[in-house]
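After the structure tokens below, expect a handful of questions from me.
Each chain carries a letter (A, B and C) given by its place in the written order, and its residues are counted from 1.
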Amino acid sequence: MAYLQLRGIEKTFGEQRVIKGVNLEVQPGEFVVFVGPSGCGKSTLLRLIAGLETATAGTILLEGRDITNLPSSKRDLAMVFQSYALYPHMSVYENMSFALKLAKADPALIEEKVSRAAKILNLNDYLMRTPKELSGGQRQRVAIGRAIVRAPKVFLFDEPLSNLDAALRGQTRIEIAKLHRDLGATTIYVTHDQVEAMTLADRVVVLRDGLVEQVGTPLELYDRPANQFVAQFIGTPQMNMVAAANLKALGSKSGLKIPEGGYVGLRPESVILVAPGEGEFEAKVELVEALGAETLIYVSTAWGAQLVARQTSRTPLTAGANVGVKIDTSTAHFFDAKGRVAAVN
Amino acid sequence: MKRLLPRLLMAPAIGTLFLWMIVPLVMSIYFSVIRYNLMQPDQVGFIGLENFEYFITDPSFMTATMNTLLLVGSVIVITVVFGTLIALLTDDPFPGRNIVRILLISPFFVMPTVNALLWKHMMMNPIYGVLAQVWMFFGFTPVDWLTDWPLWSVILIVSWQWLPFATLIFVTSLQSMDREQLEASRMDGANYLQQLRYLYIPHLGRSFAVVVMIEMIFLLSVFAEIYTTTGGGPGDASTNIAFLIFKQALLNFDAGVASAGALFAVVLANIAGVFLIRMVGKNLDK
Amino acid sequence: MTQLQINLAMKVLRTILSWAVALFLFFPLGWLVLTAFKTELQAIAVPPLLIFTPTLENFTIVQERSDYMLYAQNALITSIASTILGLMLAFPAAYSMAFFKGKHTKDILMWMLSTKMMPAVGALVPIYVIAQTVGLLDTRTALTIVFTLSNLPIMVWMLYSNFKDIPGEILEASRMDGATLWQEFRMVLLPLTMGSLASTGLLCLVFSWNEAFWALNLSAAKSGTLATLIASYSSPEGLFWAKLSAASFMAIAPIVVFGWFSQKQLVQGLTFGAVK
């Protein structure tokens, strides 16, 4: 049986339906990431689980117990907020021990738990400081520490890395992954950054407009997106979308059944640039981004589409050069006119 | 419970304020249409708009209205103009700026009665007052301010008290001025006057409006300064609407007429208030 | 002159000018303070004395007049009581509006502001009649109530605009940490809002202390505040400026100092947050 279960969750703010019926099961110890564009309802969904909002319809079960109408303080969940929400008038130690103090835990036990968490997070030297005196990364760690100390049933993270600079974000991401591996705690993590989702998650939940678009492991989403939205949301640079009408020739040549009025989705690595005349169609190089380990080449086709190709080898091509485009049909994705995955062959 | 609690918490403040507003208003309206003189408690009864007629046709009414407008208008002009100048003057850091600001703001915290007496006696006394001494030093005849220029004396006193307020608002507002914008304008070749015209004044625009509105509301009911200095006199020379109502109510004991006048003052203040509320409301949306 | 020298000259000029303006505007107040330490004869000396041997006799005389103590006591009691009462009413209201923002929150705030538009004189007769009817005329209770109510909108606004700047996530974090409503209030909200409570209270204290309109009209010998005592010096008979100055000095000194500390809040409170 699932550890945490959402059944038909709905939430309306005034006239606006933010969550339109979400069902989800989370297994114990699992790291689940909610991802989606801003306004998709991922944060609201997390806040519903946290008990900071009350669901308009549906039930939330934790360990089989209905917690839909339980106040947050009774749910035994811990949350790391986007702004960290540290108590500015308390020291780091007091911040981390606050929940245990409220729960009237034994002071010796509190001491032990806090110092253990502080050791894990490298906060030992800062315990007596106030949040004001810490750097952004340290505050972030205190916020995580505050959650760890409680050993809650579920960890909730609400875009915890969005206030950090790029270098620190990468580093903290790795730390969170390591932490999860060590503690094995059930975690729900909200982000709009699909890289975070891909790197951290056991399973990713892609949300759009208050509905679940797809649930799956990161690679499942990458390799078998359920629809055009997921396909384009996951992966950088975005998957190329070519209107099927432009690829009729390709269809007849390779025997692929290209959906009428639909789209063909091509990962950048499925677009292969060759000498002019040797590919399926011709294109002109617009821009070359040499990143060292990989090279991104932006080309435009005669019929006006923009495509991006990714290759691991370096290229002598420069802007304005004419190239042929070959397509790795084995990794192409096919979508019908409504953006759903079309059955192929 | 999620909805009940917030309401419960607001209820005491809202309830008391509602009573504070509605009870006097309703009573004023009631008193204003009856015969109600505290000295003649036996004469009562509905008299329609007679009190209003009496209040408005009273020759003092025109004088008081003019005085009110003159007082409010002059003080606003004086405080806004000088407040802006002082704020601009003290905007950039200089040695002792904090002390200067403290000196500048102090008069605002002086209670109106002290303020009025300080000016009445020690500044404006025609024989011993500081101003008289200065006049004599330069060989002029000292002026008997409160007798010869009663309204302007009151205006001076009130302006002295409200100038710090305007200055403080403008100083605060200038602090939020975008420094990069000023630097950009310097790169564009703007001199100080052009900066003043195109950057500072537009930036202060909102504060000008706020100062005008707030001062209007407070100055419409200037009372203590008049009460302690001129007592509204000589004659009606320095009587404003607020003081006229006071005279009707507590000197002539005619609560009916006073209430009619009060309603007039409420209408006057609310005209200014509507604009202020609009402006603040816009600010809330941000 | 080089540009650097011009800049320096401008700065010197501005400094001198700023100081001159400040001293000029402060002069009446400074004069009051000086006069408070003069003898009555020195106070009306021609030409005015700038240098003299200061004396404390005025303060002793003013203090010995027992009614001064009574007025001071009245002022202290009414302003402190109205401040506490006001905070007790305003705090929950502002908390509710800032953290449980509803559809009508803005309307309520606007309406509160609008009650401030009602000029005091408009309510004079009704309030006087009510106070007389229930026997509260010339009592500290009446003044306290009136001061509280006339300051309440400003207090709610000041607290509200301060509370709004506290991230709601901090309160949510405490709820996640298992705090009850009371614990949330006592251990998180109260420590965080102490500063704004203090400055709001301070400003309110200043207003009540200085209030003259209601004090003059609702009180007499029994419950008069310092504002009314000072006003009674307005009669021209007898030139006792030194004593008047001493009394005034004692009446305004604490409040002016308070005022210096609450300048910033004053701007927020008086402009209802429209100027930042």
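Heads up, the rule we're going with is that a contact is a pair of C-beta atoms (placed from the backbone, for glycine too) under 8 Å apart; a residue touches a chain by one contact, two chains touch by 3 or more.
Since we're looking at a predicted model, the values are computed, not measured.
Colleague: Quickly list, by label, the chains bordering both chain B and chain C.
Modeller: Looking at chain C and chain B together, no chain touches each of them.
Colleague: Taking mean CA positions as centres, which chain lies farthest from chain B?
Modeller: The chain lying farthest from chain B is A.
Colleague: Any idea which chain sits dead centre by C-alpha averages?
Modeller: Most central by this criterion: C.
Colleague: Just the number, please: Cα centre separation of chain B and chain C in whole Å.
Modeller: Each chain's C-alpha centroid was found; their separation is 16 Å.
Colleague: If you average the Cα atoms of chain A and of chain C to get two centres, how far apart are those centres in Å?
Modeller: 54
Colleague: Could you tell me the distance, in whole angstrom, between the mean C-alpha positions of chain A and chain B?
Modeller: A distance of 58 Å separates the two centres.
Colleague: Using the touch definition from the top, which residues of chain B touch two or more other chains?
Modeller: Where chain B meets two or more other chains at a single residue, that happens at 2.
Colleague: Using the touch definition from the top, which residues of chain C touch two or more other chains?
Modeller: none
Colleague: Chain C touches which residues of chain B in the complex?
Modeller: Counting only chain B, the residues touching chain C are 2-3, 5-7, 9-10, 12-14, 16-17, 20-21, 23-25, 27-28, 31, 86, 89-90, 92, 94-97, 99-114, 116-123, 127-128, 130, 133, 137, 160, 163-165, 168-169, 172-173, 176, 206-207, 210, 214, 217, 220-221, 223-224, 227-229, 231, 241-242, 245-246, 249-250, 255, 258-259, 262-263, 265-266, 268-270, 272-273, 276-277, 279-281, 283-285.
Colleague: Give every residue of chain C touching chain A within the complex, in rising order.
Modeller: So the residues of chain C in touch with chain A come to 103, 167, 169-170, 172-180, 183, 187-188, 191-192.
Colleague: Chain B touches which residues of chain C in the complex?
Modeller: 11, 14-15, 17-19, 21-23, 25-26, 28-29, 31-32, 35, 44, 46-48, 89-90, 92-93, 95-97, 100, 102, 106, 108-110, 112-130, 149-150, 152-153, 156, 181, 206, 209-210, 212-213, 216-217, 226-228, 230-231, 233-234, 239, 241, 244-245, 248, 251-252, 255-256, 258-260, 263-264, 266-267, 270-276
Colleague: Residues of chain A touching chain C in their complex?
Modeller: Those residues of chain A that touch chain C are 14, 50-52, 71-74, 76-79, 81-83, 85-89, 98-99, 102-103, 146, 150.
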